[in-house]
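Chain nomenclature is as follows: A, B, C and D, assigned in order of appearance, with residue numbering initiated at 1 for each chain independently.
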Amino acid sequence: MSNQHDAPRRLRLGMVGGGQGAFIGGVHRIAARLDDHYELVAGAFASDPERSRAAAAELHVDDDRAYPDYQTMVEAERKRSDAIDVVAIVTPNHVHFDVARTFLEAGFHVICDKPMTITLEEAETLAELVERTGLFFGLTHNYSGYSLVRQARDMVANGELGELRVVQVEYPQDWLSTRLEDSGVKQAEWRTDPKRSGPAGCLGDIGTHAYHLARYVTGLELESLAADMHTFVEGRALDDNVNMLLRFKGGARGMLWSSQVAPGNENGLQLRVYGSKGGLEWRQETPNQLVHSPQGEPPRILTRNGPGLGEAAMAAARIPPGHPEGYLEAFAQLYSDFALQIHAHQRGERADALALQTPGVADGVDGLTFITRALASSAAGGQWVDM
Amino acid sequence: MSNQHDAPRRLRLGMVGGGQGAFIGGVHRIAARLDDHYELVAGAFASDPERSRAAAAELHVDDDRAYPDYQTMVEAERKRSDAIDVVAIVTPNHVHFDVARTFLEAGFHVICDKPMTITLEEAETLAELVERTGLFFGLTHNYSGYSLVRQARDMVANGELGELRVVQVEYPQDWLSTRLEDSGVKQAEWRTDPKRSGPAGCLGDIGTHAYHLARYVTGLELESLAADMHTFVEGRALDDNVNMLLRFKGGARGMLWSSQVAPGNENGLQLRVYGSKGGLEWRQETPNQLVHSPQGEPPRILTRNGPGLGEAAMAAARIPPGHPEGYLEAFAQLYSDFALQIHAHQRGERADALALQTPGVADGVDGLTFITRALASSAAGGQWVDM
Amino acid sequence: MSNQHDAPRRLRLGMVGGGQGAFIGGVHRIAARLDDHYELVAGAFASDPERSRAAAAELHVDDDRAYPDYQTMVEAERKRSDAIDVVAIVTPNHVHFDVARTFLEAGFHVICDKPMTITLEEAETLAELVERTGLFFGLTHNYSGYSLVRQARDMVANGELGELRVVQVEYPQDWLSTRLEDSGVKQAEWRTDPKRSGPAGCLGDIGTHAYHLARYVTGLELESLAADMHTFVEGRALDDNVNMLLRFKGGARGMLWSSQVAPGNENGLQLRVYGSKGGLEWRQETPNQLVHSPQGEPPRILTRNGPGLGEAAMAAARIPPGHPEGYLEAFAQLYSDFALQIHAHQRGERADALALQTPGVADGVDGLTFITRALASSAAGGQWVDM
Amino acid sequence: MSNQHDAPRRLRLGMVGGGQGAFIGGVHRIAARLDDHYELVAGAFASDPERSRAAAAELHVDDDRAYPDYQTMVEAERKRSDAIDVVAIVTPNHVHFDVARTFLEAGFHVICDKPMTITLEEAETLAELVERTGLFFGLTHNYSGYSLVRQARDMVANGELGELRVVQVEYPQDWLSTRLEDSGVKQAEWRTDPKRSGPAGCLGDIGTHAYHLARYVTGLELESLAADMHTFVEGRALDDNVNMLLRFKGGARGMLWSSQVAPGNENGLQLRVYGSKGGLEWRQETPNQLVHSPQGEPPRILTRNGPGLGEAAMAAARIPPGHPEGYLEAFAQLYSDFALQIHAHQRGERADALALQTPGVADGVDGLTFITRALASSAAGGQWVDM
């Protein structure tokens, strides 16, 4: 078990969003519990006070810390001696910014779902705030928590692929192939609603994950892009398919595809990276293997916690090879990494000193820049635009 | 999220075993936490009192409930008003029996790792005790917690495969291909030591899992078997490879292979079931898909929480299709199912009234019968023996 | 066996190119033999007369029909009563045009490797010549000979995918990741030499295959494209990686990637097509299965000659399901289809009356148009250009 | 192209069996043509003279060499100056022996389908005859023609797996899951008829292939076996499922499963071999890859004609890696190897001097011994019997 060590007290976690019918709130709670570094003690779980209290009752949260809204929550918590250490923001996208700003200004660490904000300006405002306050800010680009994603990142960084040439990333889904948003499915409703999702649909929901994964593993910076965004399902306001060409600084080229109208694809996130010395391929749906192809040699199947892995990958695995870990474990890995950084901060160390390189506010700004530029390119008919 | 509902209080969990260097104890703890139905409050984590206390400190267990041994623990806990509700037994095999008996006799519910005991007599003793006390007894044949294993079981029970003909089950590993037990690896040491593992090595460690999975999914009872057990690694006292022919009541035939000396296999548990109307194939290392081949039609890939599943499978999944769940989630599923039964018991209902059909003491007796008969067959040169 | 029927005489086949050290000539010969519709009787196998005669001796071709060059061959053959029925052109690209024109003008049917010519003008000249003479012209876009590619084409045409939305095609290889052209490998030499390959490297060699496959299966016409072509290996004159965005008439969008510098990819041709009712995925390296995902249902694995296939697919398979057919069989399928059309022509029927829809001169023109427009787009920095 | 070299004349091939409705005859003919070492010139294609002549007409065989029966054929051919060099026997099993004996006694080389004969006595008679005459006898255990099967054999022989421990081989099919023999399917009729198939059904049809493959790759000799044969489909006279335990000389253990009632399996022949230093896994349905797992290292995917292969594998491949070869190419490989040996014999060299180690009469005797012992074991209730 990789995460067993001298245990500081569990961090007190608050949550904004994540009431009944929500999906990602429950994921954050499991992720927080899994490695036992947090206890959920407070929340504004829903915009309706009664529903917030009902959620709290289900979640073993004391009734007096089931808040009707996040403003009340921040005011009440700042006065408590046992105040929360950190708040997790798991609302629809359009609410992230106000909540994050409010908690940061009140001195709380923040864990925020992605995309960080709706606009680039909001993202930059948060970045300044984080810089100014020195507080911890974690962004749950959760795929970066997979053990073999970290292995891939290490291998690239160590030069095992040589000079990078081609980066192909894709994230196809099929669940929005029909007008599911008309069927009362809450997840579909807000994700296809510009008021709650912002101006990017599929691009913001999963395209940003694909983009982040490519950046996280390769370390490359994007120089320019040409985006062809489209809405296939009639009557839908936001894009449901994104095709994109990428040019990275230093010369590597790539493509990015994200789609929510590709039948047969559930969460087909896939990254393929090719350099002068070899290639790497990883698929999210079978995350416990990573195929490494040294140029001119037979491909090798690296397995989570199996032979031939580096330290970063080993540190992000819980159980022996062959017993699969999945999405929740990867999400939990981020929460555990965040906890280490929050504890460090509480000991008076600067949180970023740990160099865990988990996704943070800078990734949020980068993601919004990516969204903004892709929208600009697509609006111009798919022309190339600089980042 | 399938496991969100009106929440009764968390069950107070005690643990025997699972100190530093242990593997399965940590798994049980994550499994207990994952769906938030338990809190770990007490334990006799190690045979050495100091190591037990050190483990407790790491695990957020109060020092006064870190017991030096299980006898002390049972005595102390039975006197508390906030006593544990249930104890998890995660020691090496040879200790299971005494601990389970002691806690049952003191009126505690029990969750026990497998194989349940060393001898069939011990297993039958526990079964009588459970029958007499009416207490809950859960056996962690954890692979039965996978969502698609439950789907497979349902499909067989509903007659979708027709009359069963052939059952092929295997569980190959490679980690004991060399004399790892000489290298100070604790997991290897006790598993190859007859004093702690009992008379069955590979057979008891993973062969029983394969046997249980076949029984769980097919519902078939074994009639007779012919076992060819062998030890390939020189100097090892217990079997490290088991080949077996199976005849089931009603006429189905099968084979079982378990091995710990098959390089390239991590936890290659695989079940294939064929009937007059179709076939099913499931592999533990890619547990989020189940291939169903109706005779004369193209095979269909069923995915966890995807289209075409029954209720049992849906109830044992947490997150949408395409985001993989793994070993820990399957293990957690058993813990959650156990919690439902313990709560029912505490409300005065008979635990088995829920018909969740999770593995229990009867499976433990069946497993020990299987081990005993396989050993007899192999000792007789691989002759057929009746169950 | 699908190809057994009343046998007309074997067609007499001549060949230009395909001497020692060539690759594709041998493939054409096996393809011609496999279903027994041809016998090789004449050839100008190499530019050097001695090497042409040596090749003939190896190939059981009579010495007096081992020609020193194609001009001599055409003159000699047109005078024979047992003249060849058809010539196969398997030279490097730059020679295709002159040979094809010469044989067509002399009244011979032609089978030509792809890309058909170096320039679009040449392609159009051949198209006019074929139109004028009424002769048969087959272009070996061989992947269209795979049984399950034909199944995919049928399913799209029958509306099983609904309205097409997204088409993703790729053809990555790795064999030119290093400067193999400096190592005396003949295949690498001419393919990276603009004089012999024309202005397109990877694009012409395999990008055109990917493009043809997408067109063949979907029936969609390309409206516009944006191409980002690049040469990664230093000192190479032609592109070795192509990333491309595609817009089809009618609204479907797509991407095309072809690469010869992607380590771990041998011939990773893959086509994925998604429509409003379902999706299809096919990979050339495992060509005996086609995954069909009806929206909202479990994916189905269609197998070559297995259950659920249409007539076109059945007609293009030789052996029962589960015994894999491969590249040579797909290539042979084109040769067999070509034979049917040549026999029809010889009976006085118009060759195209058979509607076998095998690749022909129109596909050659289309391919050169594609190459020409892609080069224009890339030269303009990756801008969108109309077809 | 591996098979291009100084070409001796094509061997003149005769065939017994293989008329309309037959399956394996057509396969033999394609196999003989593929590498261009044979021409089919004579045959007794069917028991009915008219049908034999009709088949000849389809196959470009001269009418005067379309014989009404094999006796007439052998008499006529032995008198011709252009007599056949070799006869291929592709009849149902029960005819093999008489035809083979007759042609051998008349001095012809023989290529025979498997199982070689119905009884062990017949097999031994043929072996003596081959020994006495010195003629070439090839047995088409065609899976031994796959390039990567030869690679596996080489790796075992070179000690790359260390000392062999476990051999798991299986060959499941599904096509006889119902009473197909009642539907007028000729292939099903004779295979389930003891008069034409002999006393072994599934065992003789595909179990012998599995056995041969295991022996071919490992080089191990079988010491004893315990067979549990069963007939699941009501009214069928022969076994349709075989489960078997194997003990090899030297201590390795194994299992063999062959079935024709396992829905979802087309030709699922699979071999897995494990030794003290590593493991190998190969599947017939994806024959272009072989997974090699050195103990303690990541598994490596060897591909046909890809990096890291030995000479034997390279010699048995035609086209570059990534373009799949299949069943017909493997079958053709045997025919090409046979041709080399027949040519050697005709030059006065002893055929076996080439040490190509293709399957021959000794393998036929071994196969019949295996069948005989398995039948004996099963008849005795699945008891162990020595080979």
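Following the convention adopted for this analysis, a residue touches a chain if its C-beta (ideal position, glycine included) is under 8 Å from a C-beta of that chain, and two chains touch if they have at least 3 such contacts.
Labels paired with UniProt names: A, B, C, D = Predicted dehydrogenase.
For clarity, every value in this text was computed on a predicted model and none was experimentally measured.
Compared with chain B (Predicted dehydrogenase), the chain whose C-alpha mean position is the greatest distance off is C. Chain A (Predicted dehydrogenase) and chain C (Predicted dehydrogenase) have Cα centroids lying 44 Å from one another.
Averaged C-alpha coordinates give centres for chain A (Predicted dehydrogenase) and chain D (Predicted dehydrogenase) that are 55 Å from one another.
One simple way to say how far apart two chains are is to compare their mean CA positions; for chain C (Predicted dehydrogenase) and chain D (Predicted dehydrogenase) this gives 34 Å.
Each of residues 265, 291, 296, 299, 303, 306 in chain D (Predicted dehydrogenase) touches at least two other chains.
With chains as nodes and touching pairs as edges, the resulting graph is complete, every pair of chains being joined. On the chain D (Predicted dehydrogenase) side of its complex with chain B (Predicted dehydrogenase), the touching residues are 165-166, 168, 174, 177-178, 226, 228, 230, 232, 241, 243-245, 247, 251, 253-255, 257, 259, 261-265, 272, 274-279, 281, 291, 293-296, 299, 381-384. Partner chain C (Predicted dehydrogenase) is touched in their complex by these residues of chain B (Predicted dehydrogenase): 291-292, 296-303, 306-308.
Contacts from chain B (Predicted dehydrogenase) toward chain A (Predicted dehydrogenase) in the complex involve residues 1, 4-7, 9-10, 20, 23, 26-27, 29-30, 33-36, 57-60, 173, 175, 265-268, 284-288, 303, 306, 318-329.
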